[in-house]
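Naming follows writing order (A, B, C and D), and every chain is counted from residue 1.
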Amino acid sequence: MEVGFLGLGIMGKAIAMNLLRHGFKVTVWNRTLSKCDELVEHGASVAESPAAVVKKCKFTFTMLSDPSAALAVVFGKDGIVEHISGGKGYIDMSTVDAGTSSKISEVITKKGGYFLEAPVSGSKKPAEDGQLVILAAGEQALYEEVLPAFNVIGKKSFYLGQVGNGAKMKLVVNMIMGSMMNAFSEGLVLAGRSGLDPSVLLDVLDLGGIANPMFRLKGPTMIQGSHSPAFPLKHQQKDMRLALSLGDETAVSMPVAAAANEAFKKARSMGLGELDFSAVYETVKALEPPSQIS
Amino acid sequence: MEVGFLGLGIMGKAIAMNLLRHGFKVTVWNRTLSKCDELVEHGASVAESPAAVVKKCKFTFTMLSDPSAALAVVFGKDGIVEHISGGKGYIDMSTVDAGTSSKISEVITKKGGYFLEAPVSGSKKPAEDGQLVILAAGEQALYEEVLPAFNVIGKKSFYLGQVGNGAKMKLVVNMIMGSMMNAFSEGLVLAGRSGLDPSVLLDVLDLGGIANPMFRLKGPTMIQGSHSPAFPLKHQQKDMRLALSLGDETAVSMPVAAAANEAFKKARSMGLGELDFSAVYETVKALEPPSQIS
Amino acid sequence: MEVGFLGLGIMGKAIAMNLLRHGFKVTVWNRTLSKCDELVEHGASVAESPAAVVKKCKFTFTMLSDPSAALAVVFGKDGIVEHISGGKGYIDMSTVDAGTSSKISEVITKKGGYFLEAPVSGSKKPAEDGQLVILAAGEQALYEEVLPAFNVIGKKSFYLGQVGNGAKMKLVVNMIMGSMMNAFSEGLVLAGRSGLDPSVLLDVLDLGGIANPMFRLKGPTMIQGSHSPAFPLKHQQKDMRLALSLGDETAVSMPVAAAANEAFKKARSMGLGELDFSAVYETVKALEPPSQIS
Amino acid sequence: MEVGFLGLGIMGKAIAMNLLRHGFKVTVWNRTLSKCDELVEHGASVAESPAAVVKKCKFTFTMLSDPSAALAVVFGKDGIVEHISGGKGYIDMSTVDAGTSSKISEVITKKGGYFLEAPVSGSKKPAEDGQLVILAAGEQALYEEVLPAFNVIGKKSFYLGQVGNGAKMKLVVNMIMGSMMNAFSEGLVLAGRSGLDPSVLLDVLDLGGIANPMFRLKGPTMIQGSHSPAFPLKHQQKDMRLALSLGDETAVSMPVAAAANEAFKKARSMGLGELDFSAVYETVKALEPPSQIS
């Protein structure tokens, strides 16, 4: 199976490498061409533009960092739109908003191409290990055709229906995750302030019905006040906001998510937005008031 | 090792049976004596009162359903206090409040006995399988001595320091659990109302960083509106209230737990207090207003 | 002083009438021309389009119901842009979002005109009595020139600086109002459920430090479950959302407003969005769960 | 009319002085006897103990600072119980919890006396001016008899039914007040952070439907970061907690009050408990994180 791959950042490179390793023929493109070198060593071909990739390959995957980059490879000079045509498939794995997905979907479809949005759950390590979870939505026939690729990229892929549903599913998951991080932070601080050892709380939690990888991974560093950014707090707060906004459209009252969102905003106001989202823990701790209060 | 065991409810019976199975000599007592029969068949002796158990055994374990029962076996007629004395150990595994624990601890200690509170995390199945988690606090020497019994009862036991810490640890864990149940409920309803399939959300969650046994176990029945009580909502709400109260004493602001607590109260006001605590899910769904509103 | 006036809905008509009554020469226009009749009887002239009004008058006031209407009189056929020019002033009293205000401001300014946004606080009765509060922002020189008109329309006007500040000020006021309505609702229900007479609570509140016109006006009807719409709940909730969004941009954590917003959303999910915003009271009362829960 | 008066703190002294000024014969007692001097100059008699006051007077009023003081004058040496008897009335104006009121009510009634709890709304100035609001509950006949005194002490008195209702009414009022203070604080900070002048917000608020004495009084000093204690934050937070606890007993979910309570707790954790309850404003502002966070 021959596929194109656009975008060789941390995630994109890991995914493309996995495809190569499993026998796919891969033609890559990246804005900074030198990033293609390592993949070429492992057997990839290089094309000089997104348009050239699409011209050559029936299926093109993209993994870019943000909506503007995702739009640029489609609508920009030598972009996808120039060569997408009947029967070709375009699969965008970037995490973008519903509006961006819709715009891309519309133009691809109008030109006779097929479109899938396919954001993933999981970060660098699962990408390297082919253990991502893929949340695909859009053209179902295309989904069936590229399933062999998804099976290599991830441990599981889902087909979720119409374009936009992939992004929504990711928001719902991240909203639950954000509230859980707050619950966890409150528990850790309460334990410490009540004379219990927070690291023993971690052990107790890990043996019970709510044990989960996130508590296990982040608990020990949180206690030390270390929040090296894996998923920046400002992005987590943005996802909480978007999920609450989705709840506003659909009239779902979510008081716990709303309280969690305000805690993340408090963290931002304290200048912690660039740290890991576990830094919301710092908002629960006792804080010094500004000195001029009387 | 010879031990006494008071209280043969669902939990107590399972624990006592485990002790017998692993070669402990066990003398049992229960208010309704007939409940002792099955244990006698497996080799237990029976004593006619708590006092008689303590007279006979160096270590006596208790597992009762509430504070008043826990107090009755200590202070009531033929109660523990009549025969507790130098060197004897009393281990109360009931889940009671700090005040009850303190009262019992005080009288045992005054009579020369040793006391441990040892509430457990886990319900019927883990009790039968010897997979409980034991949160012990009080006399450390006693903890060391009865560790062989704890090792049979549970997969892990913790010694947490002074009396009261066992109960506090359980509160902190249950508080995190209650907030998580709310986050989960909000996510399930948001998914459904946004055109996503909630059961697919369960699958996605179970593959990611916040996968945990509680979501896995309760998700499918929640979606069906079935909340058969494993841990009644009114008890979960009581634990949220007590944890928030602990936070009040120690000046820990916990906005997410507070929002979750109000949702559990809303569920109580809807008459759902006797159902499982997963019934908080019903508060997130759209509700009919009273008909006379204009 | 000669002024134009566009938009003769409930508010616009009351304001224009006030201007006439105080000796202003007023040229009116309304989409449905018959609505001009009553004003003509009191001495107003009529023009056949917004463009015609602006051509004739140095200062033109507008009071329309929503952003699309506000944009239509400016950009539509025979709209303001066709005759706005050097030295002419355009004062938009409609309540619109910052984006709409900016668009209008830009085009007016580009054509050499002057622009003020001037949303008002107060509804029909204060409009008729000339007791509105005017929240003006934009061109300060224009504000000074039209002050005589503002003095007739309102009991007080404020100049708040750059375009957008009028809308923001109104959002902040409405946010405080929305949280207060929730606090009030919670208190009324708590009183009733605790064996106190809610109407006595109203009397007590009205004698103390938090006595205010809103509690006085709405309390008695709320207790009766009557929420005849003066300010529809869905609009109040929209303003809460916009205020929270403003807080998101500026990193202000507002947990009480967020909780209030979720209660308004709950009311919307119960189908109460068209009633008065006091209907949030119904979310605090005990609610029936869906019947199929087990 | 001859009355006794126990407790000559700030409030008690002002009330007793009012009674004297309006022609009541007053016999006073205070733990520190010297505090009686000023009242004696204005015509009061002095008795040497609570018991002596009750022996002499048909009606005895008490205004003490806390439950333990309120209990001491009843049950302590030379306390009320020694001379309360058939037909005598005891009116406790202290703000105490329901349990304390009940204990006092019980013993007074058992001895054949009559009891009223009568907490007041209002502080020093209204007390001096006879402008308090009296929230009386208990023996209705006694209420009717002492109404002439209440009419002098306050601008309005309420008879609220059974003992405990006075305290509950005060809690409900204070809960609404606490949530309003939070809403107000959030609005002030949001205004400032959004480029609006918070003192203009105060002017706008004071002209609208939610204008109230508390905003008018406290707004200007809050903006300056000055929170000189009129009603200490720790007491406000205690009242929020008790009101939420009342809501817990009666299954009333109050998410806005709960969020406000957590903000007051956050203020306490910042060391602001002794300042005025307006200091909750400081929790809304941006805060510095502890320096060791990474």
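Please note the rule applied: a contact is a pair of C-beta atoms (placed from the backbone, for glycine too) under 8 Å apart; a residue touches a chain by one contact, two chains touch by 3 or more.
In this text, all values refer to a predicted model and were calculated from it rather than measured experimentally.
Set side by side, the interfaces C-D and B-C show unequal numbers of C-beta pairs in contact, with more at C-D.
The chain with its Cα centroid farthest from the Cα centroid of chain A is D.
If you average the CA atoms of chain C and of chain D, the two centres end up 38 Å from each other. Between the CA-based centres of chain B and chain C the separation comes to 54 Å, rounded to the whole angstrom. Residue positions of chain B touching 2 or more other chains: 247, 251-255, 258-259, 262-263, 266, 269, 286.
Listed in rising order, the residues of chain A touching chain D in the complex are 225-228, 255, 259, 266, 269-272, 275, 279, 282, 285-290, 292-294. If you check the complex, the residues on chain C that touch chain D are 121-122, 133, 135, 155-156, 158, 160-162, 165, 168-169, 172-173, 175-177, 179-180, 182-184, 186-187, 189-191, 193-197, 200-201, 203-205, 207-214, 217, 243, 246-247, 250-260, 262-263, 284, 286.
Remark: chain A residues 241, 247-248, 251-255, 258-259, 261-263, 265-266, 268-269 touch chain C in the complex.
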